[in-house]
Amino acid sequence: MRATVKRKAHFNAAHRLFKKDWDAQKNLEVFGKCSYPNYHGHNYELIVGVTGEIDKETGFVIDLKILKDLIESEVEDAFDHKNLNLDVPEFKTLNPTAENIAVVIYDKLKKKLDTTFDLEVILYETPRNYVIYTGA
Amino acid sequence: MRATVKRKAHFNAAHRLFKKDWDAQKNLEVFGKCSYPNYHGHNYELIVGVTGEIDKETGFVIDLKILKDLIESEVEDAFDHKNLNLDVPEFKTLNPTAENIAVVIYDKLKKKLDTTFDLEVILYETPRNYVIYTGA
Amino acid sequence: MRATVKRKAHFNAAHRLFKKDWDAQKNLEVFGKCSYPNYHGHNYELIVGVTGEIDKETGFVIDLKILKDLIESEVEDAFDHKNLNLDVPEFKTLNPTAENIAVVIYDKLKKKLDTTFDLEVILYETPRNYVIYTGA
Amino acid sequence: MRATVKRKAHFNAAHRLFKKDWDAQKNLEVFGKCSYPNYHGHNYELIVGVTGEIDKETGFVIDLKILKDLIESEVEDAFDHKNLNLDVPEFKTLNPTAENIAVVIYDKLKKKLDTTFDLEVILYETPRNYVIYTGA
Amino acid sequence: MRATVKRKAHFNAAHRLFKKDWDAQKNLEVFGKCSYPNYHGHNYELIVGVTGEIDKETGFVIDLKILKDLIESEVEDAFDHKNLNLDVPEFKTLNPTAENIAVVIYDKLKKKLDTTFDLEVILYETPRNYVIYTGA
Amino acid sequence: MRATVKRKAHFNAAHRLFKKDWDAQKNLEVFGKCSYPNYHGHNYELIVGVTGEIDKETGFVIDLKILKDLIESEVEDAFDHKNLNLDVPEFKTLNPTAENIAVVIYDKLKKKLDTTFDLEVILYETPRNYVIYTGA
């Protein structure tokens, strides 16, 4: 019996959308207000889903305390109260769109999880916009 | 790398569930309070999901501003503050159940989107009842 | 010791904003899309607050089951799946704005409650617009 | 045309995570605070999804009133205001983790639904932790 | 300039409504399902409001980290994953209704806060039922 | 008859908590992660409440369209996708705590509203922390 467990977390960060090899004008045309030079920010709400067999001994797919600690060490410690463009190595050369942030979170968590698990990352940039990435 | 981006929108509309080739009694039996003759209404909350490749240049699956404008012109302008049964051509002959409204929204948006995208429509009729349609 | 207990409920209804002694043009100018002739509708979310002494015997301000039943008989049975303009006597001559609906609900509930209670009605017309009325 | 309709419900229950063939110390190590002997509890929020063809006559996948009543008789009557470990037969020998509760709910509902329907059970143990089970 | 800052927290607990000097029959009549002998439980969502002057130096009414830690030590450590009737001294002789729990939380926090602050406790027993207590 | 109408809005902004006449060390001690030099950010959710007489002609306390436009011109245009410390004149010398942001919003809106109205500003910095300011 395979089930999915999901755990919510959150981090607050500044960012701007900006491509270094484009000039300011082109960045503004493509990314609009999101490219403003002094940054803006979001309360990112994160939902991490892990799919696997329900363990017959424990009744758990994965101990949610382990998942919570993993999200804390891999995501919250790295991103919370940071400027994604300036402070987070992954976004030195990668535009911190919600899509790309979700991929980075997926890759960081995937490495730490048993390979039998499927992983899904849902990232709310605002309550109205969100992204889902499953490594597909 | 394929991801899904989702955008929330909303519209307020009146409707009733009613089949013209059934008499009032049969409509009441099948549709209950939803068939009352003078209409009732809902705050429809809509989530549109678009799945596609993350563009390497922009880091976007699709520019959410484009998606937002598309939802506005195709759905909000057509349905908001309207009576679905009386004012919306698609429901002249189609019962405006949440399922059918979702299909109509899907069909309207699908035509306007690049064919490489997968589309998903989630429609909340109330905070307790909702429908998902993916064209399957 | 005085506390406030609050209970949520909801009803779905159609309405339009419309003043009979104004012509269609003036109604449209003042009420905009809300005056469209064929009605639109809302999922009204209602929160009823009752303030009173905490009863030493029961630990209750008021038995919430009693409050729930009162909301059901006075509000839900009267308004749910109805057209407020056409089906609800109070709005034959009163424009069903959120403000006026809140006052009507307040007056209906106030009559049925012990006079020692203070009453507050919170009415969400949409998740973004709401009204509070306390009889003040 | 196949769509999914979802209906929300809820029940309040006490439980503890506990394996009878482990001693108290091992239960505490594995299940932490969730194994405390005098039970704790949750507002379980349940979302039941049913996937099937949209009926051409009614425009329904399934009449949500039927689904609501089914959830009430199979889940709410059995679990609401109960102690899952002590009062619910299924958990006499099964640890009432969110995963296992979701499986039990799935199995109870699946038996009562037409076999042409696909079923999905989403169970929120808290607003931050939830489980999805689809019988896969 | 006086403002109110609010902080959300939560705890999961079991309880039953029960008055020792009433027999089981009377308890069932007054408290209904809430008096079932084996307990049920809730995800209590707590909002603590503190009203005071905005400090000119810091721009804070109160450092929310201090408030968060206070809620943790006074409320979460004492109530979370507990059986309120059996494990929490305050409810040995006091019926753990939402009203009474709010009063107990208020009294615990009030003692630890500077007397210049006004305090408000909002306690959600379920997403549909909640209580407000301000010491009035 | 006096009622309160409330309207929700939102803006995304970067900020840091920082007092210029304190050194970096003292800022870090008092403001913690909120003082990190490269800024972080939030989805600020704003609720503006206006209390006044219900107009007998219209049934409105205030036309919510007017309130919506006022919030847009005074708050959203000024703060959305901005860095509060660098881009917003009011915070050149004022620490952009949630309390101070609420006061600034209150002062900007108060000037534009008829003096017969009472005004309340509720500002969510995160879904867990918020501030209420009423000019008291």
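Chains: A, B, C, D, E and F, in written order; residue numbering restarts at 1 for each.
As a convention for this text, a contact is a pair of C-beta atoms (placed from the backbone, for glycine too) under 8 Å apart; a residue touches a chain by one contact, two chains touch by 3 or more.
Quantities reported herein were computed from a predicted structural model and do not represent experimental measurements.
Annotation of chain A and chain C: jointly contacted by B, F, touch as defined at the top. Over half of the residue numbers at the interface between copies chain B and chain C are found on both sides, making the touching surfaces mostly the same.
Greatest Cα centroid separation from chain D: this falls to F. More C-beta pairs in contact connect the chains of A-F than those of the other pair, out of C-E and A-F.
Note: centroid distance chain B to chain D, computed from Cα atoms, is 29 Å. Work out the mean CA point of chain C and of chain D, and you get 34 Å between them.
Along chain D, residues 127 each make contact with two or more other chains.
Every pair of chains meeting the contact definition is listed here: A-B, A-D, A-F, B-C, B-D, C-E, C-F, D-E, E-F.
Listing the residues of chain A that touch chain F in their complex gives 10, 12-15, 33-34, 36, 38-43, 45, 80-83, 86-87, 126-127.
By the touch criterion given at the top, residues 17, 19, 30-32, 94-100, 102-103, 127-133, 136 of chain A touch chain B in their complex.
Chain contact summary for the complex, chain E toward chain F: residues 1-8, 49, 54, 57-61, 63-65.
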